[in-house]
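This is the structure I want to talk about, given as structure tokens.
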Amino acid sequence: MNQPPLVKINRVGKRFGSGPLVLDGVELAVQRGEFVSFIGPSGCGKSTLLRLIAGLTEASSGELVIDGMTPENARELMFFVFQDANLLPWRRVADNVELPLLLRGDPTVRRQERVAHMLEVVGLAAAAQRFPWQLSGGMRMRVSIARALSVAPQILLLDEPFGALDEMTRDKLNEDLLAIRARDPFTGFFVTHSVTEAVYLSTRIVVLSANPGRIAQVIEVPFAYPRPAELRETPEFLQLLAKTSRALRAVRNN
Amino acid sequence: MKARLLSWIQPAVTGIGLIALWYLIKKISGVPSFILPSPDEVLRAAWDERSVLISAVMLTSRGAVLGFLAAVGVGFFLAMALGFSPRIKASFYPYILVLQMMPVTILAPVFVLWLGQGLPSIVAITFMIGFFPVVANTTMGFVSVDRNLQELFLMCKATRGQEVRYLRIPGAMPYFLTGMKIAGTLAPIGAIVGDFLAGSAQGGQGGIGYMTIAYFSQLKTPALFATGLTACLLGFVFVGGVNWLHWRLLHQWHDSMVKKE
Amino acid sequence: SVMVLAGCGEKAATPSAASAPGAAKPLTKVILQTDWYAQPEHGGFYQAVVKGYYREVGLDVEIAQGGPNSMPVQKVVLGQAQFGIGRSDEIIVGAGRGIPAVMVGALMQRDPQAIMFHEEAGIRDFKDLDGRSIMAVPGSNWVTLMEKKYGIKVSITPLDFGLSRYLADKKFVQQCFITNEPFYVKRQGAKPATLLLSDTGFSPYRVWYASRSYIDKNPDVVRAFNAASIRGWNDYITGDRTEADALIGKLNKQMVPEFITYSVDAMKQYKLVGGDSAKGEMVGRLDPARVATEIKQLADIGVLGRPVTITEVLDDKFLPAEVRVTAGGK
Amino acid sequence: MKARLLSWIQPAVTGIGLIALWYLIKKISGVPSFILPSPDEVLRAAWDERSVLISAVMLTSRGAVLGFLAAVGVGFFLAMALGFSPRIKASFYPYILVLQMMPVTILAPVFVLWLGQGLPSIVAITFMIGFFPVVANTTMGFVSVDRNLQELFLMCKATRGQEVRYLRIPGAMPYFLTGMKIAGTLAPIGAIVGDFLAGSAQGGQGGIGYMTIAYFSQLKTPALFATGLTACLLGFVFVGGVNWLHWRLLHQWHDSMVKKE
Amino acid sequence: MNQPPLVKINRVGKRFGSGPLVLDGVELAVQRGEFVSFIGPSGCGKSTLLRLIAGLTEASSGELVIDGMTPENARELMFFVFQDANLLPWRRVADNVELPLLLRGDPTVRRQERVAHMLEVVGLAAAAQRFPWQLSGGMRMRVSIARALSVAPQILLLDEPFGALDEMTRDKLNEDLLAIRARDPFTGFFVTHSVTEAVYLSTRIVVLSANPGRIAQVIEVPFAYPRPAELRETPEFLQLLAKTSRALRAVRNN
């Protein structure tokens, strides 16, 4: 671990306008290939932190360095799964997934292959020609996930991507995400409310406290990749799960 | 099927009602026909003057169509330039307003001098009268784009041009189409004014604007009203076209059209 | 709303109002609707107002200024005004469309309308207009009649009431008032030449008129109005115009003294108001024979919706005896 | 602070550029001043005629303001009626179009005879020219309301009136304001046309429309342009007012205004 | 249970336009006071079913009877927490919560009290004067929940109301919901992806299968109300949890 961190968050604070402090003194260094989950109470600043990394909002104090660049300049390397599905209402499902590939100029055939494959992964091959308003909430979110995965970015920011999905679909997509990561390695930043998910996917879990958002605890997850689905039933896993839940509860209670 | 039929019957019923009202007003107020003719007089005049009216409409349509296209096209690109950056907007918007608000009668001689009497000047005048609604609406559409989608485009490293093409233009469509509809109603008026300020007529046969004054000065009021209604027909063609476009472009996704079940 | 002149009239009338306190009967209120903003072409009426000629004959005349859409014929027929002014061919064409307006007197024997062009344009006569473009009021009868008479074809550009296109183009031909536009273009150094439209042989009067029913009910008012108006016009052309011109200038700021002088001079030079006495023309006169010719001319070009008789459009029996053709004799 | 300053400097720079261009065009093309005067001639004329222009603007403003208010008010309620039910819309929209497309010159005599020459007719004509953009935009705003929010109102058992008041009107604001902005640029033109078609010069002093004819027919072209620019100033007041309203009503929530950090 | 059911769903089928069958032969009778949860894979028709009950969409076959009325006429009795927060962007948080009370004509004072109380319950008292765009995703959803609860309807339809919330907030709101229900009893229809939540809250759990949505299994939850928070740790609870999870997995796998 002697190489410089891919993402360096340096005593970052954030407030909107003259509002209260939303994030305070956030300090984090993330190496290439890590998968960091953020958990914390609603409104504690998780989305804001992701948006800071993506350069969609500016830090009020401190600084972020990503691969030696400012967040804005490093967007090249990143993609974002937003908390809302954020689909273009006038594009069909397949066209929505295709959009980032189209924008970066991938050739048509490659685009179509990738779109078809990703829709297969999220189980929406049959809905490829529908418009967003014809989808269920969970399906919309899956389109958004397919869109992000099709880009295969170096850094993937995921803001509660699986919140609107049933446990089974969720577990499957968790596994798919790890599989994709094994093939096309990316550094992940992941917001979730599911502790299980956080433990299963991450190398590290950052527990945030609220008002203002501060890093309360960082929990290392020692399990090696690839992680089989059954890992989730092992005692070590359940132990870490309990630890994380406790940390979260502690944060909540003060 | 039934809905289809109803959508024809309803305006027809209103139409009949309005015509009845027109008769009634005429009866009660006793306005003479040379001021407000009755519907049947207008109809008869339209029939009597049909050959003149048809060729007047033909003449005026060209100016109206070209002026409309210019207003829509140039208006759209102007709006795009304005929407492109707040700096461009701040710099140019006031002057576009000046252009719109400058009474066209004042500029007409300049047009005629440069473009000559006839079609080019008429088109220029029609353009002047119709372009601003397109600009105002489309600009508003451009700046009303969902912030979240804008952030998506940021994350996609979309160029400004891509953002315009794939996000702002489709997002502004409902506004643009409304502007286009207004331009459509203004185009015939513009062409008539143009005809008036820069047209010319041979053998007593000019465009609608020309016929308007001619009938007016000859006190042929029923024919005058017939001419006015003919101008409206021309306008309906534009509005019909825009409505069709509206349907084509929005019916699959926009809230104004999509029928949720 | 309509311009109210009564106040001015009263004030102006005081000098000559010897009869003021003991005036026997109340004045009859009458509105004269003109066709444009106050200008020297309405001078006789203003003269009659400021000199108190109307008052002397028992009328309280209010001159309602016109404008682009003043529609005097319509207002007279609807009773919104008692008298209106316009061209005789308008009244005749209107009669063909069922408009019951009747000419009762003429303010100009010759219409001041003319065509104006540059001396350099090489036009001597109407024949030379063949194939040219003329800026004129669409639907003008004189165009059709001129084309017919001289066997020529012209194309018409709608009149925009401006002069810049004339100035910019030495070949430009436009309709004008001989009393009016030449003044402005001369000031810009142009050398305008003109041809009076009446020289084409189609020579409408400038007239005042009232509605048939008003005439029938108020013959005395018409008679009085005719007499005082003719007196005003005679006086305006030959007498002291100072007060009337001052009023015109006050009502319409564009009417500066030089312009009024130019206009009145033109009216005199072209004998617009009194006409050619050699032809038996005089201020106010309406010659039934001439009107009959005009009706025929208009019928020939087919602008009359239905046949029009002379009695429908002309009633000259309220003119002073010396002005009437039949009574005064030629 | 700096942004504030910039927002003044930018249009000023463009303005200077445009004036330079104006000079250049005049120099190169050699258009005579009686067709296209140079900016300084216009300025000088404006100064010379200042008293006339000021009182002309005063006169015309009344018609423009009242006509603008009528167009916005009536247009808004008309749009509300149209948005209220598709049936009403189907029945009346075509006739509103006819009203808009009927050349105002044809109806002007009717107005003049019923309302008399002067202010009421001028207001009516201004209204005729300006109301449709408000109707078209507001109607589009009404029908573009988010379906999901409509369902919320269904669940709230909202009456039709409540839905209009609490959902459709606020939701249609961005559209309505755009329509209002267009109406604002049309109001001075409408008042000028009205002045032209139905005005009467009182006390020798007419409104802007009258001055336009007067200067035009007297070849006072620089004064004519000065009059046109004065009309634009009047328009700027309207547009400024609408922009202020836009800011007031939308700055806290609408994507066109909210600055996400 | 001899009284007629409050909600009767009679062999209801649904397809959108000429699309595939979304729901097929759904048959369910719900007594007053019940709390029915729907679980099933993403896109199986849960939201559609709630929308059918609310009369926001029409059944293609079969019929729904609610308190002897058609769904449309019975809307009087119902309120809906939509899957998206569905806030009016031009109203502040407090004004959004107030809206339904305003629309039904409650007096001002009562409205203000209720709004203040409900914002307290969902933990948003401090954000009362913000606009929706100034909230986090979870906060927006909580506003929507506060809005529904403030109405105190007879029938409450909740479409994944707690999906965007962290576990702690979620548990707290679960408990709050039960407390509110104890005071102002309502009949609940609840869509969730959390089996724990379903078991903790419901009297019955309806497991739906997908393509087309059919009722695969109905699981009775025998625990009496009030249910203490600790219920969730009892073996009976965990057993039922496992059973439900199995049912869900079974549905997923064919």
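Should a chain be cited, it is by its letter among A, B, C, D and E, assigned in written order, with residues numbered from 1 in that chain.
In the analysis below, contacts are C-beta pairs under 8 Å (C-beta built on N, C-alpha and C of every residue); 3 or more make two chains touch, one makes a residue touch a chain.
This one's a predicted model, so the numbers in the text were calculated from it and none came from an experiment.
S.K.: Where each step is a move between two chains that touch, what is the least number of such steps from chain A to chain C?
M.R.: 2
S.K.: Count the C-beta pairs in contact for B-C and for A-B, then report the pair with the higher count.
M.R.: By number of C-beta pairs in contact, B-C is the larger.
S.K.: Which integer distance in Å separates the CA centroid of chain A from that of chain D?
M.R.: 50
S.K.: In whole angstrom, what separates the CA-based centres of chain C and chain D?
M.R.: Each chain's C-alpha centroid was found; their separation is 38 Å.
S.K.: Which positions in chain D touch two or more other chains at once?
M.R.: In chain D, residues 35, 109, 113, 147, 216, 254, 258, 260 touch at least two other chains, as defined above.
S.K.: Two or more other chains touching the same residue: where does that happen in chain E?
M.R.: Only 16, 84, 133 qualify.
S.K.: Taking each residue of chain C in turn, which ones touch at least two of the other chains?
M.R.: In chain C, the residues touching two or more other chains are 74, 78, 160, 162, 164, 168.
S.K.: Please name which positions on chain D make contact with chain E in the complex.
M.R.: These residues of chain D touch chain E: 148-149, 151-158, 162, 166-167, 170-171, 173, 252-254, 258, 260.
S.K.: Using the touch definition up top, name the residues of chain D that touch chain B in the complex.
M.R.: Residues 6-7, 10-11, 13-15, 18, 29, 31, 35-36, 87, 90-95, 97-98, 100-107, 109-110, 113, 132-133, 136-137, 140, 143-147, 174-175, 177-178, 181-182, 185, 188-189, 192, 212, 216, 224-225, 227-229, 231-232, 234-236, 239, 254-256, 258, 260.
S.K.: Going by the contact rule set out above, which residues of chain E touch chain D in the complex?
M.R.: Interface residues on the chain E side: 54-56, 75-76, 78-80, 82, 84, 86, 88-90, 99-100, 102-104, 131-133.
S.K.: Considering the complex alone, what residue numbers of chain D touch chain C?
M.R.: 32, 34-35, 52, 108-109, 112-113, 116-119, 196-206, 210, 213-214, 216-219, 221
S.K.: Which positions of chain C touch chain B when the two form their complex?
M.R.: Chain C residues touching chain B: 73-74, 77-78, 90, 93-94, 97-99, 133, 137-140, 143-144, 153, 155-158, 160, 162, 164-165, 168, 303.
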